[in-house]
Every structure is written in C-alpha cells, then in structure tokens.
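Look at the two complexes coming up: chain A is in both, with chain B in one and chain C in the other.
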Partner chain A sequence: MTDAAIALTKTKPRPRRQWAPYLLILPSLLYLAVFFAWPMTRAIRLAVWDETALLTLRQEAAAGSAAAGVLPQGAAVSLLDRRSNLAAEADLSGASLTETWFFVQGLDPGGNAVAGWAPESRIRVRTTDAAGAAIGGTVRPKLGAGADPLTSLYSEPNEGSAIAGKLEGSAAVSIGEQAVLEVWFLIEGEGEGERISGWAPSRVLQVYGDGVSGRIDRGDTGQLTRAYIQRMLNDRFFRPAFYTTLLLIVLIIPVQFALAIIMALVIQARLKFNTLFLAIFAIPLAASDLAVGILWYAIFTQSGYLNSILQALGLIAAPNAFLTADTRYWILIAIWLAEVWRATSIVMVIVVSGLQAISQEVLEAAEVFGATLWQRLRHVILPLLKPSLQVALILRTILALQVFAVVIALSGGDVVTVLANETYRQYYTLRNMNVAAAYAGFILLISMFSAIIYLRMVRSSEEASA
Partner chain B sequence: MSEIKIENVTKRFGSFTAVNNVSLTITDHEFMVLLGPSGCGKTTLLRAVAGLGMADEGRISIGGKDVTYLPPRERRISMVFQSYAIFPHMNVFDNIAFGLTMQKLPRAEIQTRVRQAAELLHIEQMLDRYPSKMSGGQRQRVAVARAIAMQSQVLLMDEPLSNLDALLRLEMRAELKRLLAELGATTIYVTHDQIEAMSMGDRIAVMRDGIIEQVNTPTTVYDYPANQFIGGFIGTPPMNFLMGQVQRRDGSVVVQLGDHSVAPKPEMASLLAGYDGKPIILGIRAESMETLASPAGDALMACVLVVEPLGSQNLLTVAFGAHRIKVSTHPSFETRADADVWLRFPADKIRWIDPEAKRTLYPK
Partner chain C sequence: MTALNSTQVSAEMARLRARARRRMLLSRVFTYLVGILIAIWVLAPLWFIASMALTTPETVRSYPKSVLPFIPFSFETMRFFLQSRGIVPGVINSVLVAVITLILSTLIAAPAGYATSRYIFRGRDAFRLSILAVRAFPVVILSIPLAVTFINLGIFDQVYSLALMHTALTLPTTVLVIGSVFASIPYELEEAAQVFGCTPAQAFRRVVLPLVLPGIAAAAIFTFVMSWNEVFAATVLTVQNRTLPAQVLVSLQQSPEPYKFAGGFFMLLPSVIFIFVIRKYLFNMWGQITK
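Now for the complex of A and B:
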C-alpha cells in the first residue's frame, strides 16, 4: 500500500448514521410489544403456568413470618390450631373465614367502667345505627360448668394481648370501632416425603365439616405445569378437532389454489366483461365468515334452497336431512364448499397482483418461442408466481387452522368440531381458560410450523438453483 | 423462401389508428429496418407480424403462408424484445433452450444448438448463470442467442439496442450486423435511432403516424429523402431547410434566398418553372455545402454564431438573413464566432421541397 493510499484509508469519512428509519420503526415496535408480545406471553403462560401450585407455610400466624415449608395444592392437611389475625383490608377480599372483633365499653361486676376488644362470639349486637353498624349490645352469657363466667376484654383485637378488664354475662355494652380478623390455622401435611407443619391463612384452605381436617385449596406460588396441556390432549374432542382441521386444510387449499389461479388468469386475459368478473370473484371478500356459514346453512338445511330446488325439479320426494349427526360427511362437504367459496378470492387477489408483476414481454416471449398455454403456465407463469403463491399458501393455511364461524354455523360445533371451536368451548362453556390457552397455543404452534416449512421449501429450491 | 408480405394492414386501438393501411414486402434474407419516431406505429406493425397484436384489417403472409390470424407459435418466427424479456427464473442455458424445449427437440440437438448460439454471442462461459447476476449487455446477448437458436427463417427485433449504453450499443450494432449477415434470416428490425437504421439495414422503411413514408436503401433515403420529414429525421445534423421564392429571370429559373439567388439544376428548372412567383423550400445537408473563408463570386455571405469542433469535422451554426443553418466543414477550416464565412450550394446537392405537400420534387 502506498503512503497516499494509507493516508486515504485513515481519513476515510465514516458514514453518517441514519436515525430516521429507527424512529419510524419505533411505533411499530411499541405496537408489537403492547398488542402482540405481551398478550401472547400472557396467553402462553396461562397454558403452562399453574399460578397456585405451591403453598408456603409460615412459622407464625402472620403473612410476613419466616417460611416453615411448602405443600402442594390439593394436599390433605390436619388442622392443629386456630388463631384470628388482624389482616390488611386488601388481603381480606379473598378470605373465607373471618372473625369480627368489637371495641366495647361497659361496667364490670365491681361497677367500674372498663373498655377493650372482644370477639363477635362473645357480644350479641342489639342496636345498630341508620347505616347498619353495631352501636350497642350485651355480653353473651357463658354456659356450662367450670368455665370462667366472666368475659375478658383485651387491649388489642387479639387473644394474645393483655386483658384490659372483664364483664359479666348479659352486661350491656356500647360498641365502638370494629376490626375484622382473618382466621389462620396451624396445619400439618405430607410434602415431598416428610411431614411439614406451619401456619396458613384460611383463605387458601378448604376446611372439612369435622373442623380438624382439610386440604390446600390453592397455593401462593406458581410452578410450570404440563397439566393443562395434558388435559387438552386427553380431552375427548381434541383428536376429532385436530383431524377435522387437517382434513379441511388438505381438502380446501389445493382446490382453492387451482381455482384462484384459473380466476386470476381469466382476469389477466382482459376479456370483455373483465371488471364484472373481478367483482363477482371478489364479492366473498366482503362477506363475514359467519354470514357465509349461515348462507350455506340456508342452502343445506332441511327446508333449505337445495332441498327446495331438488324437490321442485322432482328429483327427490321428501327433503333430505343433510346437516345431521348421521350425515357427518355432508356437513364436511358444506363446510368445504363454504370455505372454498369464501376464501378463494383472497388467494385470487394475491395471485392477480403476482401475475401483474410478471413482465408482459416475458409472457409474450414465451408465446413467440412456441409455448402452448399449458407450457407457459408450467414453465413461466407458475415459477414466476412462486413468491406470491408462497405468501398466499402461508396466509391460507394459517387462516384454515383458525376456521371457526363457518363450522359453528353449519354444525353447531358438536358433530363436527375444529381446534378453534374447542378453544372457544373450553373458554366459554367450560370456563377453563388454561386449557383454552393450551388449545390456542397448539394452533399457534402448528401455524408457525407450517409457515416455516413453506419458507424452507422455497428457500431450498432457490439455493438449489443459485 | 421466407418472404414477408404485409398487405394493407390496419391496426386500431380504440379510435386511434396506430397502423394505417400499410403495405410492405420484405424479400427473402433481407434486413429491413422500420424507422420512425416513437408512436409512429413501427412496433405495432412488428407485433402484428409476430402475432402479438392481430391486425384489424389486411393480410400478412410469411413464406407464402397467410399468418394474419395465426398465434405466434405457429408462425415459425423468433424475436428479440426491447426489454430482452429473458426468463428471470431460468439460467442462461435454459433461456436459450426455451424455444427448443417447447418444441420437444431431442436433448442432444438442444445441447448443440444452444452451444452454437452461445458461442456466436460469446456467452458460452455463462451458461449456468442467472439473469439477475448479469449486466444489460450480457442479457441482451442472451436474448439474441435465444432468438437465433431457434434457427427460424424470420427474425423480428424490437429496438434491441435501445436499453444499452452508448458505447455498448456501438459495439453490439456492428456485432449484430455481422451475425445477421451470417445467419441470412429475413429480418425486421424496429428502431427509432436513425444511425442504427442507416448502418444496419439493407433497406429502411421510414414510418410516421401509422404510414410508411419511404422505403429504400439507407443511402437513397439519406440522399433523396421523399419529403421534408425524412430529410429532417435522418442524418445528424438534420437537413437544413431554407424558404425561398421561385423567379423566372431572362428565360431561366432562379430561386431567391433573401438577396441571394440560387440556380437549380437544368433538369429541375422546368419543374420549378411551375412554381413561378411561389415560395419553395430548399433542403441541403450540412456536409453538402462548400465553405469558404473569403468572398467568392457566387458564394453567399453568412455570419458564424457557434463553432463546434467535433474532431472529424467542425460543425458551424451560421446565420444569414432570418435563416439559421448548420454547416459542417473540414476540421482544418479555421473560423470563430462572429466571423464571416461564404457558402456555396452545389446544385446537384440541393433538394427542392413543395412547401404545401412537403414532398421533395424529383424530375420524372
């Protein structure tokens, strides 16, 4: 390298960074994050994450106390002790067992005025104010021999606190403020092979009628789980839904592509009523899939158009029942027809735009050099359409995996069912959003899988040719 | 035999008549150039011959066979397109072999013919390349090779060089001419470039507004243009046109250009006599004038406005009276702007043009 050349490389100006493209792409990234990535991860989490899998037991009957051990959801436990605990307002919303304490004032057996906290089990509320809050009552008399006939008042709303005074049974009291306490239990159960005991709030427990046994209703820590996916796989509708979806793809897509290419070629030929053809072909683009399903239902139903026409022509004596559980194949045929009719035009639109991108002179060259219509299609048009066909194929396969409204309209969703319908059923009818999420995730998985396969197919043929 | 006969062909697009009642015969092995400005109908006529846009009226026959309404593939023609129109998804070999493959020729035959065509165009090294990785000139060669591999008797070319840059065009022009002379196919070559037409064609058909204005050899069209349009269209710089007036003086006919008078050739004099007192257009090419640096008896004085030294010649723009004309001189002729020069019009180089019909007058 000469000196001049070295000097040249040293002083070579660095290209200025272009920030505008990054700024322009920012809104789309935000959009993707907020409306796609976030809900998507939430949904996938629903399918594989059990939010209430494990319960941490506490050494003391308080939320902040040290952990004593972990028990899984559903573990059987025995209840050893019980304590009421002042709980934060927010925590109480899910509490199943609560205890109200009253701050009461009255006269003790010695005639001295005493004030302190007593649980609701010791105070009978007699008067309430206009808003329904307790303002006065009497102390419940204690029954049974040997018991202390006096009721203790505590300085805090807690049986462990100091006794502020004692009241006789039936003594009149005025009630001041109230405190709601949550009941905690000291429980013992089997976890990971050893017996673990500790305190847990009542809200996470199911207490059986005997008062000494129960089970852990829900945990407070999440854990990865295969349970929802397993439940989806074990669902008796899973296999029929999966197979029907695949069957519909195999039946619909090849026919759609053949029709779409023919339609696109008709349009490309610029015949006399070209715009009319295009309008007719494109009408289904504007129809909602549910409307299309209902339309085809109107054709195939027992008193529908098809039966009416066949009867009017004298071809059948009585209406055929097409859409019944016994004639499942008729339902499939109706779905097939409806989907082909509905979604072929979107493929056609893509193919037409692909055709228009092919240079007119290239097509003419094929014609001049002796290619027949079929040869032109096979050797020139289809190879040049490959990118458009690939886009259409990915789009159509993904949409076919989501087929739903047409199936619902024609079969009600029971006789013939598809994956999207099962997602819906799990979510709305069975109220099981975790399994619904597993179904949705499954659809996502096979959509991505098919898209990757299509992309690979085209790329490998490009590599082979390059 | 593959004579192409175009008889009274008309082609309309809506209300626009692109080709208007055109007749033209291209003899066997002839190289015919269709020349004209854009929109003159030359490509439309070529496409009618190719079968890519059927004629509305008239008859086209190739080698005696009526092909007017036959599809392109039944006409036994091959064609080179303006945009080359090579297949982007095929490599060079498959592109050249396309027509042969469509005819389902044996593999060995295709191999030899593709190789021959590729060698003729010096692209035998790139048979497995794809068009996207080739330059314009190389694609052009592929398009020509594809056409000649067909070995058809008729070759149609639609502005094949117009998408190349100037230097490459010059090179390809000569090469195409050599190649086509070797092949001997009957060729129709469409171009709007008059230099291309002059240098390549056996005959030139000059078209304007859907009509063929003149068909003849390049030198004839150049020297004896049929009308003012052709004189102005062909040649760089175009023919100069000066408006004069015919006057009969002392029994002889002269044309008055301002205060200078020009005497026509004797055989023209009788023709011009009919224009006595009327205006007439004098056409003369830049290189046909004699330029003198000093006054001479019958020379016309003009003032130099611009001098353009072009190496092989000096191109002067000169003015006399209200006229501005281009004059080309030998490069050794020295002059400068604002200097005076004296021009002489040789009588046999002057073309006389009827100012109304714009047709050139020739003696019977």
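Now for the complex of A and C:
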C-alpha cells in the first residue's frame, strides 16, 4: 500500500454533522453539471436534433395565430399573398423582408382632414428633417385603370385593420411616426402528401426572383433526425478515420502495457539510481501531444534524425521521404512510436503504484521459491495488478480514441486521419457543428463500449477462475 | 565416510551459492541494461528536439544532422519562433488561461478533496466513481456544444471562457490529487491539536494546512500543465485569442521546420520541468485511484 492508502485506512472519519461533506462537494458537482453534464447532453442533441426541421404555418398573418399546418424545411412553396406585420425588434433578422409604414395626415378628395397609416410603397418622401427622418411627401399616383384610384389609410400599421380614410394620388401629406414592419407571405406547399397553405414570416423564407415562388429556409420547430449521422457515415473520411483509430489502438496498447510493465519491474528491482530511473521514465507524462508530434516529426522528416543516423551507419545512400502520401505506413509507424513514447509513462505510473500496493512479502516469497521471472509475472504479479491494469486499460483506450495533435503534426491531417481529427475538420474547416457533434458522439459511444467490454472481460475471467 | 560426505555437501552448497550469486549478478546487470535502454528511448527524442531548437535555423535545415547537439549553440531559432506572429500573445493567453484554470480548479476541488478523504458519507463512493468517469470522458465531445453555447452567450473566443472549459477538464484530477494529499495527513494530528485547545478551524489552519500546502501546490501545478498542454478545446473555442498550442497547431502546416521545432521545444520545456518537480504526488494519486 502507498503511504497515502495506509493513512486513509487509519484516518478516523470525522464524526460530525453529516451535511458538511455534501456542502463541500457541492461546488464540484455544480460545476461539473454545468460544464460537463449539460454540454454532454447538448452534444448528443446537436447530433440527432434538427432545430429548424419544420415550419408551422399560421392561419392569419400573425405570430400568435392558430397553426394551419406544418411544412418541412427546404420545401418548395408558391407565394399567394403578402401582408406586413409589426414585428418585435429581436425577430427581425438579416433574412427578413421589411416594409416601413408612415403615419400620414392630409386632405381627402372631399377636403376633409384624414390621418392614418400607409406603406412606404404608397408615399413618396419629399422633405426630411435635419436628422434625415421623413417629415413630408406626396401620395404616389396609382397606375392602371382597373384598381381603386384612391390610396387607403389604415387605422393601424396593418393592411388587415380598418380603413381610416382615402387620399388621392399626388396629394401632399405630412409624415409623423414610422413603423418597420415585417412582410408575411401566404404560402402553399406540399407537406406529407397534401397541399398545405398558411402564413409565414419572410425571415424563414427564401423568395425567388419571380416574386411568386420560394422555399422554406428554416423551420421553427425541431425534429429528431438521422441526417447528421447519415452525413457522417457518408463522409469520405469516416471509414479511413475509424479504421485508423482502431488500428492505432490495437497497435499502441499492447506495446504500451508490455513496456510499462517492464519499466515497473526495473523500478521494482530497486537498483542504484532508482529514483533517477523513475524520474526519467515519468518525463513524457508532462508532454503535450502536439509537442510530441513535433518531436517525432523532427526524427522522421526527410532531413531528420532517422535519415541522418541511417546514412551515418551506411544503411542508406540518400535520405528517405517517410512522411508522404505514398508512404502511409511510415506515417502510421511514426504516430505509433510517438504515442507509445508519450503515453506509456502514465501506464507505468499506474502499474508502479499498483505494485507498491502489493505486499513485498508476496513478491519475495515467489522469488525465494525459485519461480522464474516469467512464472512470477504470470502467476503472482499480473493477477495482483489486475485492478490497476483495468483502470489503465480503460483510461488509455479512451485517451487513444482522442489522439489528435500527434496525427496533425505527423500527417497534416489528410493522408492519415483519425476520428478526433474529423471532428475538428467538420467543426473548424467545414463549419458543420452538427456533423462534428455526430463524430464526437461516435467517439463517446466507442469509449463507453470499450469500457464496458473491459469491465465485462475482467469480471467473466474472475468468475471463470472462481 | 561421514566427514567426506559433509565436505562434499558443503562443496556442493558453495557451488550452488556461487551459481545463484552469479545468476543474481547477471540478472542485475540485465536489469540495468534494460533500464538504461528505456532511459535512452525516453531521452533521445528530447535530446534531438533540444538540439534542434537551440541552434541556428541554417543548421536546422541542413542534412545530414549531427547527433552531437547545439553545434553551433544559438538562440537564433528560438528567437525566430518567438518573434513569429501570434506567439507572444499566444504565450500570454496560455499562461492566463492556465492561471485562471489553476485558481478556479483548486478553489472548487479543495473542499471536495477534503470531503472525500475526511468524511464517510452516503454517496462518497458514487461521487469518487463519477469523478473518475468524468476524467475518462472525451474532451472532444464537450468542446463542440460549449463553442455553440459560448457563441450564443457572446463569450466565445475569450481567455476566461476557455479557462471555464479547462477547469471542467482538470477538476476531476485535481479533486483526486487533493483528496490523496489530505488522506496522507492523519486525522489524529488534528485531534491532538484540538486536545491541546485549538478550535477545529484553528486545528485545520495551524496544523493541517501547513502540511497539505505543498501537496495542493503540486496539484495546482499539475492543473497548470494540463491546461498549458491542451490543444483541441483551445483550437475550437478561440479564434483571435489563441493559446500557444492552438496558435502553433493552426499555423503548423504553413510553417518552416525551425518554427515547428522551436515551438515543440518551447511547449515541452515548462511542463517537463513542472512535472519533474511534482512527480512524487502523481504516484500518490494513482495509488489512491486504483485502490
């Protein structure tokens, strides 16, 4: 047992009010809930939930009106009518079509003073004040014979409201208040086999040049979708990334564990300079994966150390190009060595801690009875180390699934790619959060799957031996 | 007859003992050899990158490379790297993020570490297990939704928002390390202090605190190194205010080799030194976890 472990078993827990420990762990729990559990569920949601999948059409051109039906995002629609509506400042976006309405006062054909709202399309602004705001203008004359030659003024900035009066073309008006309105369209489209029509604000629509057709740009209601996962599966980098990730795990982990156990046995042999050996073995623990990637790049690059040494030994005549698209296997070997170099020390630390917890008498007894190193390893050390090895195995597999910067440093991220790198590519290069989240979720899935398998494996072998 | 037998036996014994001693010596030499080989395997790449970073850029580009390092010794390559665009701000951002992470993480984790080592309460094991599970979850999956949230909240691309993320990453480890630090101080010491007339608070401040401070400092340093090394979240969560690893990563493909090597060396140096200082506590921590 380590000193700490002995101390823990000896420590008498403080017999005090029992809410104290909960109070003490509360900050950590809250923090992890906000910055860990919540983002985790958000990520899964991003991967499977399309927030703009469906658009609810309204019976009237108003946000609060009853639903007339639902059309999917991307549906082609025809525009049947338009109307302007007061919209909250927050609802107006760059995609909104807007219309300004003026509150105007003037004399109707009968000479009576009338006042009411009219759209900017009916009023020509002639005078503005110092700040540039419209203060006066004229009514635009209506062209064409068929229509009502008079321009209606509405009691509210809305074509649906009551008509407050009418003005003739070219009549002079003074302009008071202004209101910015959003244009709503009465649209009709195909939804679930039937024609559905209803009102929708312009901000969710894309209106084509002809003015009578368009498509639904984004919905306002979410829906479960397989689209992002499907796009991930169809991504041309998905399979290479998946297979390379698995291959790297299979290549790295056994070597790592063998090396870590050898390191631990060297430490256990209690040589002179034992602490020095331990310190040296633990150095890579601190190294960032990016730095380690660069470090091995220095060795494998064309003018690097590997070529220099091989040439100095007379094994090659000219430098090899290792890290090119034609020599993928060399890139894999470089990544493999870099990861073994970097991450073995954490396994070593876990194994050494585990070995220290095994009582020294047990190990010495096996030695006294003449067991060879292999016998001791096979029948004494490894079985006793099983809990430590299990933790190390789970941790290492999950961390190996996240190998990222080493791969970028050694391959540029295209020739050899891994799942974490594809997450990064989807997010950073392709700006596709949802597919990135699908990749991240996939990594999570394999992580949990491998952890469960390891736990099962250890348990079933225990049952078998019992 | 018997005398002859006994000399035979003792001769046999001596031979056996000599053979055992020889085997012992052999295995000892073999162990040294293995240890030295592994030490070379660990140290050689560091030697290479150090000799690349501490020489002139011309030497870095030359081929074949000399295995003897630092010829000619020069800070020219390091200066070239540090004068590149975005590096000095990157270093400043990295240090800021790491320091904020260190402070936040230690403040939040210390009470939890104390609770898990000093109290037995319902849910303690569940808490420790879930902390360990958090440690094992992929960073990758956290970064994407946090980026979306930070954009919506208008705190994207800020030093402190990245520090919030890094705190979530380092918190579990910090809780475990600080827990093992408190566990290594016997409760009897606190009790004794109280017997001699200290209040519990005084006992904690006068007796426990001085003893655990080095360990907590070690945990803080470990937190600093984890934040300093982190690349993925830093690259995803920053655009203008890049940390050093994020800056090096995004400019890696377009950079000349002297820049890369100097950058790698510069990132390695502080963390290797820091971890070397606190290595003792890491073993304590893992001893606790795998128990």
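Please note the rule applied: the second predicted complex is superposed on the first by the 362 of 466 C-alpha atoms of A that agree within 3 Å, B and C clash if a C-alpha of one lies under 4 Å from a C-alpha of the other, contacts with A are read in each partner's own complex, and residues count from 1 in each chain.
Keep in mind that, in the parts below, contacts are C-beta pairs under 8 Å (C-beta built on N, C-alpha and C of every residue); 3 or more make two chains touch, one makes a residue touch a chain.
Just so it is clear, the structure is predicted and the values come from calculations on it, not from any experiment.
Of the two partner chains placed by superposition, A:T221 touches none, neither chain B nor chain C.
When the two structures are aligned on the shared chain, A:S28 is found in touch with chain C, with no touch to chain B.
Of the two partner chains placed by the overlay, only chain C lies in contact with A:W296; chain B stays clear of it. Using the contact criterion defined above for the overlaid structures, shared-chain residue A:E364 touches chain B, although it does not reach chain C. Touched residues of chain A, counted separately for chain B and chain C, are more numerous for C.
After overlaying the two complexes on the shared chain, residue contacts for A:T372 are found with chain B alone; chain C is out of touch. In the superposition on chain A, A:V380 contacts chain B only, with no contact to chain C. The intersection of chain A residues touching chain B with those touching chain C, taken from the two complexes, is empty. For chain A in complex with chain B, the residues that touch the partner chain are 359, 361-362, 364-372, 375, 379-380, 383-384, 386, 465-466. Residues 50-52, 71-73, 77-79, 81-89, 91, 98-99, 101-103, 130, 146, 150 of chain B are the ones touching chain A in the complex. By the touch criterion stated above, chain C contacts chain A in their complex at residues 27-28, 31-32, 34-35, 38-39, 41-43, 45-46, 48-49, 52, 61-67, 107-109, 111-112, 114-121, 123-124, 127, 131, 134-149, 164-165, 167-168, 171-172, 175, 180-181, 183-188, 191, 225, 228-232, 235-236, 245, 248-249, 252-253, 257, 260-261, 263-265, 267-268, 271-272, 274-276, 279, 282-284, 286-291.
In the complex of the two chains, the chain A residues touching chain C come out as 1-5, 7-8, 10-14, 16, 18, 20-25, 27-29, 31-32, 35-36, 39-40, 42-43, 45-46, 259, 262-263, 265-266, 269, 271, 277-291, 293-299, 301-305, 307-309, 311-312, 319, 341, 345, 349-350, 352-354, 356-357, 373, 387-388, 391-392, 394-395, 398, 401-402, 404-405, 408-409, 412, 420, 423-424, 427-428, 433, 436-437, 439-441, 443-444, 447, 451.
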